[in-house]
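Shared between the two complexes below is chain A, which has chain B as its partner in the first and chain C in the second.
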Partner chain A sequence: MERSIAKDVGFYVMLGIGLVLMFIGPLIWDLFQIMQITQYVVLSVYALSLAYIWGFGGILSFGQAAFFGLGAYTFAVASINMGDTTLPFVLSFILPAAFGAGLGYFMFYGRLSEVYLGVVTMVVTLIFWKLINHTAGPEYSIGDARLGGFNGIPSIPILNVPGDPSAWLDPAQMFQVFMAILIIVYVVLRLIIASDFGRVSVGIRENEERSSLLGYDIRRHKVIVFAIGSGIAGMSGAMWATYQTFIDPNAFSMEMSAKALVWVMAGGIGTLAGPILAVVLLQWLSLKLGTMHILNNYVILGGIMMILVLLLPKGLLPTFQALSLRLWTIGKSKMKERTPKGKAASDV
Partner chain B sequence: MSENYILTTENLTMRFGGVVAVDNVNFSLKEGELRCLLGPNGAGKSTFFKCLTGQLTPTSGSVKLRGQDITGWLTHDIVNQGVGIKTQVPNLFNGISVYENIRMAARRKHLKPMAREKAEEMMEKCGVTHLAKREVGLLAHGQRQLVELAMVLAEEPPLVLLDEPAAGMTGDERDRLADLVLETARKAAVIVVEHDMAFIRRIAKFTTVFNRGAIFREAMIDEIMSDRAVQEIYLGKQADVAA
Partner chain C sequence: MDYVLIILLEMLRAVSWLVLLASGLAIIFGMMRVINFAHGEFLMLGGYITIMTHNNGVPLWISMLILAPLTVGIFGILVERLVIRHLYGRIIDSLLATWGLSLLMIGGVTLVFGNTVQGVSTPFGAVSIGEYSIPLYNFVIIGFAAAIMLATWAVLKFTKVGLVARATMQNPDMAETLGVRTTWVYMATFGIGSAVTGLAGGLLAPLTGVVPSMGVNFVGQSFITVITGGASMIAGTLSASTLLGTVSQGVTFASGPVYGDAALLLTALVLLRVLPQGITGRIFKKSL
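Then we have the complex of A and B:
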């Protein structure tokens, strides 16, 4: 988990897959597929935000949607007002990160227990959801952007080439830009995790008491980790908003928070690649199931989740890794068995 | 007044509901002194340590480190003033390797390349080099004790608190530990809580005995050993347990 990057084969594999898809994808997929996969990419960035703070900082947040929504609305409001989407996109990271730092300061310096931390993050999400739902009237506008309450904000600009608001990205370009963002987020998080700061975070996750007995200020550490996660979640919200050109209060929903938890749990806590795989797998499944109209989508997803937790309590990726390691060792021992037999045959 | 004392406590008291775990303790330790802290189970030794490190906030009284009042400070602030503790139940980063554990400690005081060297040096000193890559959570109790000791010593704190460091150790490990404690005491003040009398005899000089949260006796170890009242509180406890 905390191996140095240089020896981490999985990291290079993921990086390679990401880069190949980024360049080859638009050539081989049709428009619908590109749109679909772009959605997976956005949600993967969102999943990574929780994968990092939970898996590598020990912070279990039930309110990741608060930052996702905040980023989405920040981007919507700012881009409608500014025209150019570059600064709004940057703001969609900075504002949620700052808000996360503030909330984190309150939670971690107030020494809230883990249970209260869960409650507070959940309540904050609910408050956002309630507040934004009540902004339907025309009096609730920021500059040119009407918040729209439960109706949401339509006509959010598509991401443009920085400095040229009229140069919108087409779907294939948007996919490539988002894929690049996902790769960057993945690499940066991996670098953070491998840094001394990241090691301390993992130490805090492993044993808070020992961390402070070594002299590490765990409150400060957690605030920083939480703020980074909040910023990434916010940025994914902005990606979502510009991808759909529309955002409504559901960005702040419990469902959105729960999805992040499900992806991280299903993919494997303490991994980055696992939650990405879980996003692709579970989103694809729910799309397939959704078109079949057999059962309510949530019921099926809930069922899948329960099966995953019961059968693969460690998550997809760690289970897969353990399995392939076992196959590898079995394969190796089989080879060893074969060698003496071969020798015997040649002796004859 | 307290200039040559690294640590003093004044009427230090820690209550848990009705239980007075530490009762009005006035304790002082000179710079560079090696002190053994004895006492039957439940005498309040570990609780006393936790009050010193800020793991517990004392109910009343004060703790001074080199004359500075640190009562109510947060643990990491106290630690950064130069206190290191090996807790009674080893407190380690279970999911990561021995080397990484010790490096985490060394990195507090040293820049990256130095931290690596320091960690390797401490592993060597504490005899855990052969375990460097092993996951700490899977080690035997005595080995875990040595790893934690290496972590504490890697930060070179001027005040070292060791809560039952010999527990679970093999004879060899115990000998190494005794040497280490004596060596550490040449550069730092050390308080050792221990039940193992053979081990105590090897290292102890001036010794404090706790009973029911209070200081019961303070004297040289020979005197303590032959003290009838001290023997009785130990025996009394054993009789309680037997009953």
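Then we have the complex of A and C:
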């Protein structure tokens, strides 16, 4: 199923769309649209982090928000203290990745079952949320940055040109940088998935026992996959923090974890492009539904989640692919009067 | 001497608290290996029913001990029939669906009752031991925790229903072959587990007040207790509650309740590293 990149048309299409948007976008959109789309870009990076570990490593994390929030707070604290934002941005990848590796060690070397994994990751997020909410007093500050408890951290610096803290990026530049990050994350993940390492993780996803009997150390493998995903989630948290110039404990909320799950489920588990499309579609949808003031966010999110699980367990992209494939093969068989062999779905 | 007694009582209360929070979840997990992610919202529902009916003139004890468990139990059966039933054998999907349900319930209750804290005053006064005074309600919590555990044990051990339940737990296929309708057993289990959760929610309502998002404050403790305990309903819940309750209460004494929760999680993580299936995965394996 995991084919080499060279033959994967979908990959080039996505890459092309990304690059075109990155260069053309700021020319044709107004400021509001740019801000809106930047938000989609940031959340897409976040969605990719879970899409990778769940779809290509078979690790279902119910606590992706823990790493998102950790990255956001790391960036906030470090950049307020340092002034320059380059090193904090790097830190916001490294620290969550290291934490993910540590947590992964306990979970995967303990060989926890899927249910236990879900519960542990979720509870870790909860604890973070509680701890951060608790840090309201002035005694909870790291250097110049006050953690601020439930009030959050205001005036987080905007991303600047490396080495020059006074050269802030304007919204259009920020959009381009974030778009570039999204493209890089997408390409790197795609390369990882196509590499030997990625093939082994897909093998582990398919059948843990067989992979381990073939001599692969599934525990170490999963820890690495989990750490990569955690790092990417942390980085998206930092992007979120600098985009909003503000972060509060809701970054660690259950809702944030649930959103990542919903996007991946909606986009299709085992795809990278699907979750990105789902971010755009569902964020837009919840914006529209939210302005109607009949339903609140929780109802919308919960409702979508249940509908997805019960009615569309494969997600939108694979369902759509399967459907179009069927129409295509039906059309073809009608033309040629014979049934061709099914073609494997692409995994862009 | 008084101080020691107080500390012991507080420990006992912390342990009972965990038993109370976790037992409904443990019943469902022990039987079906499903974790109900909407557990916190089931507690919330129990709390809301208690407070809403009480504010409309129903005596507190009736709304707490009868109406809350009954309503949440029926709600649980509905959820099982409409959602969980379709997801047997797809454990991950059942987790995701119940999580969706949890968000849906938070949103729904917010829509109906608004996002404000409502409460009733805690019944009973306090009793003084030496120079200290502790609320009598603590003894109610300890009493109910003990009663739930005893009742579960007695039902499982001595009744025909319990026998059927234990058979289904051990080997559902064989039980089905011998004429047990396992789907009904699962439905009943989910209902009973939900009812116990509703009771717990009713009991904690006077202590904490109710707000739609209150579940989040309790699910962490409940989940950790259940997975640390493992698959045995009673031995697991009791052993995990005793261990974790003592640890968290100790840390809470030393540095405040937030760190108590963090200590709970750390203990559980280390423990699961050694005993990945929980305490009863290796010790007390044959117990209920």
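By definition in this document, the second predicted complex is superposed on the first by the 317 of 348 C-alpha atoms of A that agree within 3 Å, B and C clash if a C-alpha of one lies under 4 Å from a C-alpha of the other, contacts with A are read in each partner's own complex, and residues count from 1 in each chain.
The rule is short, and it goes like this: a residue touches a chain if its C-beta (ideal position, glycine included) is under 8 Å from a C-beta of that chain, and two chains touch if they have at least 3 such contacts.
Note that this is a predicted model, so its numbers are computed, not measured.
Novice: With the two complexes superposed on chain A, say which partner A:M306 touches: chain B (first), chain C (second), both, or neither.
Specialist: second
Novice: A:M239 in the overlay: touching chain B, chain C, both, or neither? Say first, second, both or neither.
Specialist: A:M239: touches no partner chain.
Novice: In the superposed model, does chain B or chain C contact more residues of chain A?
Specialist: C
Novice: Which partner does A:V41 reach: the first (chain B), the second (chain C), both, or neither?
Specialist: It touches nothing on chain B or chain C.
Novice: Contacts for A:L277 in the overlay, against chain B (first) and chain C (second): which applies, first, second, both or neither?
Specialist: neither
Novice: Looking at A:M254, would you say it contacts chain B, chain C, both, or neither? Reply first, second, both or neither.
Specialist: After superposing on A, A:M254 lies in contact with chain C but is clear of chain B.
Novice: Touch test for A:L126: chain B only (first), chain C only (second), both, or neither?
Specialist: Only chain C; A:L126 stays clear of chain B.
Novice: Given the complex with chain A, which residues does chain C contribute to the contact?
Specialist: By the definition above, chain C touches chain A via 33-35, 37, 83, 86-87, 90-93, 95-97, 99-108, 110-111, 216, 219-220, 223-224, 226-227, 256, 258, 261-262, 265, 268-270, 272-274, 276-277.
Novice: Within the complex, which stretch of chain A touches chain C?
Specialist: Where chain A meets chain C, its residues are 60, 62, 103, 106-107, 109-116, 118-120, 122-124, 126-127, 129-131, 134, 254-255, 258, 261, 265, 295-306, 308-310, 313.
Novice: Show which residues of chain A lie in contact with chain B when the two form their complex.
Specialist: 1-2, 196, 199-200, 202-203, 206-207, 209-210, 212-218
Novice: Going by the contact rule at the top, pick out the chain B residues touching chain A in the complex.
Specialist: Interface residues on the chain B side: 53, 55, 74-76, 79-80, 84-85, 87, 91-96, 100, 104-105, 107-108, 112, 151, 155.
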